[in-house]
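Per-chain numbering from 1; labels A, B, C and D assigned in written order.
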């Protein structure tokens, strides 16, 4: 009983964390058709900015650090989009090279600035205690991560479905040429969406900090997860990223517990099955 | 081949996208050597019909027969080997290659040489000679070494047709071959189409009625994925339903 | 800041004089020659293992600087190579140090798989190597004659810990959890062996993959009817695991003990009160109260603002061992057989305490049981018990030990697992 | 003219062991191995438009099979080599069946997933792979009684195999089949209408590419005499992919230039530049900004422009 309850909550918490990681990736890919391989590094950069800030300035709360991390990485994303990626439309191989190249730079810069040791990001003290759920202890902060992910999903949903910006994004996702033709400022839209995606990754890195900490290699650990979620859920689909995150959370948590020998491959097998039989992902319309 | 067997026959064809019925119970009977014009307003399902004939889109139900053979289950490349060929409304060429190479690819597709993993393509001189001849026939012979990305739009339109002709098709589907051309260019392409050998069956989608009707022997009017009128040129033109579809109520 | 500390080979002159040397040249002449001793350091300065690698470089540089870059009257030129923690790169870098820089001896590499990747090459080129890599078989079933390890084998510190847990702490039922690499498996196996030989039972063994994004799912699997958990983690994983135990409120319910890298000084400085009271085992502690270590640890802390841990102290010990051996050969490093013999004959007091070497080149020395405590505001590993003169074979018969298969996930078999 | 240059280049490569020390010979050997591997990946990425992020699967598979059969089963080197090539080629045919269900990002991910599954097996299936300890103890066979233990003899063998590999892969790219392959990259739909079985063309390419990756794997394992799961890591795949793109995907010289650049930076420049990872990143960004198609096409364009300016 305890196993199922606690692991169930673990699945949700990991799912929430993955959504914070993958939603920005999905957003960027959906509109720009750009596989942003810098995404893991942006997540790590956010975590380090947050950790550095909380460590060097007294009294900075996690929430302030998350906003700072988000803004910092969004700014970085703006520079990357404005000065490099914009020159590479219709050059997917060039995009691969440049996004991986920038990821190398970020990883090495973080090592240079913050050193090789892991830096903890403390949860707010009122969330640092475990909470009792049906008699079982569970970390309060992990439950909050689920709530944050739900709030982020709701916020993104409202933005995409109810706002003018969202309408333009949807138009661009559906048919870029048509969007251009009806006068949507596509290049400005790209900048905004890339910044937004980067910002979510940065803030996500800080918010995941109390669970993961900031450490060298966080980028490489996270990038495949973002890709798996997005591929499984369907590229460019917010709903897909959301459901994909939680499915991966469940598969990983229960898979490693019940089939420990498959721990290494548990994340990749379902993906192979999904792509092989449903190349567009569970919720995608376009083929991957 | 007896004349009773149509070159292209479509039986009870349906295609549903989500809730949209793009093709509704289409039946067509096109005899060998026919010049068939498909007309209909935008969104009538003309290109969707082409895509089902070539196999790019799998129909929801119904049959497609080439010279009596049911090809509904065949892949597009297998249908090409049975003599089916097409052009595209949106230019679909190989932009990084020369015009000559484009046509040579068209020739290679039906030759077993395409499976040769080691003989250099550059040494396949017979392919290039034949491609050159085809390019001469569409008036592009002088520019065969230019890259597709370097030639004018009208020339690309002609290359589209040359590429299809290289396959020596028995049934040729032309999707708006005159789209976007100047009056002068239209005339050139029209002559090109008119000179296609008579034994080739041609199905044509075209909005430019003046030119297209000259080329056509029979006409099919599609509307909302359905065949509205089907018959000889004169019959369809004079049919009141044609007027209704094009002029509104 | 990006200027390298590495040196280029000094040119053709150095090469020619090297080539001209023969074994017959008197050692005195050598010690006085202008030719410096070239020492290669194989370390990791990029990627996830960089933390320990940077400490290795800092400690060795500090060691040489304290001696004015002179060991046994011979100038020492240090050449540092970054293996990036990749075996194939480690091999190339070793070749570079040996063939291009013509080093006389090597310190490093950091990780076991790096040591294994260069194992055959070291035998081929016969370069005395002082490593911190803990792989058991490098000094057991497949000993490399050019290898000296002044730190410990993977299980060397875990052996006394198993006995300590069973005898002194009175634990009966325990869980081991560690990285799913040879290092973690060998440590868990060694702990299990002595713990069970002293009446304890290992009822659960877990090995999360190195790349596990989060230990939550493993924390939730831990059996709750046990006395304690033994951590066989390396790098920052122990730190992350302990933090997550705390998150789940388990740190107050179950005792935690650890292997030699579970709560190293390197991660301790980033931890809080949750680490207090955790007992770990290692061949070193920055808090070790000997004059030599106090001097070293203080100097290191003054310079880098944190306590030296496993990698820093280990490399410093290797430096001391090398110096002692060179003193014995009167500065002759060209005669590699002699240097190697001298290295293995070293018997001395180092910052970790007294060390000597067994016939396989592995250290015999003191192992400390340490408890995390707060001292002058920072967390330290306070020594609470010392096991004297511990060998890699513990108290077992060496022949029987070597006849059994090397420690692994399955060996020795865990007889008391409950599921 | 071009042929003369090529011959001079090969002659230059052949005399490297006569004029330099072991370290540089070994560096050159590694460049050749990386180049064969990058060339094999280039068939997929450059000529087929199929961006694989898991190509090390084949290098690693063949290296592991060779190491395992040689050291644990004790089979003769020729048998081990044969088994590695045959099994890896068969596996690439099987993996191709799965991977080619997708194109674009889906293909990238599924190849990544396959290589990660193999990586996981290499770590976890320790009874065969020795897990994290890797398989060591492989010795180089001798060839017609000639020992391959010295750096120069192994270099020459690698050079000969690399030249063969280059010729056979270049012939493949320039053949009628290669033209078809490039057609499927640029305009898959039209190719189908022209009578080409696009899927089959891609599958054959996938297998052929897997075969040459297996050859690179054999060279890799005999060079290192050691194999570790890190040879199957995403990083290793990404490095090869970056080499192909940086040098110029879809050109014959590109992957060689890219592989040389990467091996050089990783193994040599890292001795002088402490933050060489960052340098590598900046070089990639610069290449993309200055020569978006990669170094080889970029330099070719530059030369054409200079010639144009002269005349």
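In the analysis below, a residue touches a chain if its C-beta (ideal position, glycine included) is under 8 Å from a C-beta of that chain, and two chains touch if they have at least 3 such contacts.
Values in this document were obtained by computation on a predicted structure and should not be read as measured data.
Excluding chain D leaves the other chains in the touching groups A, C | B. Least step count on the touch graph, chain A to chain C: 1. Spacing of chain B relative to chain D, judged by their CA centroids, is 42 angstrom. One inter-chain figure worth recording: chain C and chain D are separated by 36 Å, centre to centre, where each centre is the mean of the chain's CA atoms.
Taking each chain's centre as the mean of its C-alpha atoms, chain B lies 74 Å from chain C. Rounded to whole angstrom, the centroid-to-centroid distance between chain A and chain D, based on C-alpha atoms, equals 32 Å. Multi-chain contact residues of chain C, defined as those touching 2 or more other chains: 46-47, 180, 209. Touching of two or more other chains is recorded for no residue of chain B. Touching of two or more other chains is recorded for residues 120, 123-124, 235, 275, 277 of chain D. You'll find the chains touch as A-C, A-D, B-D, C-D. Chain B makes touch with chain D in their complex at residues 54-56, 75-77, 80-81, 85-86, 88, 92-97, 101, 104-106, 108-110, 113-122, 124, 163, 167.
Chain D contributes residues 21-24, 26-27, 30, 120, 123-124, 126, 131-134, 136-137, 220, 224-226, 228, 230-231, 235, 266-268, 270-277 to its touches with chain C in the complex. The touching residues of chain A, counted against chain D in their complex, run 29, 35, 84, 87-88, 91-94, 96-98, 100-105, 107-109, 112, 220, 224, 227-228, 231, 235, 261, 263-265, 267-269, 271-272, 275-277, 279, 287-288.
Listed in rising order, the residues of chain C touching chain D in the complex are 2-6, 8, 45-47, 81-82, 84, 86-89, 91-93, 95-96, 99-100, 112-113, 116-117, 119-120, 135, 137, 180-183, 209, 408-409. The residues of chain A lying in touch with chain C in their complex are 3, 6-7, 10, 13-14, 17, 108, 111-112, 115-120, 122-123, 128-130, 137-139, 141-142, 210-213, 215-217, 220-222, 225, 252-253, 256-257, 260, 263-264.
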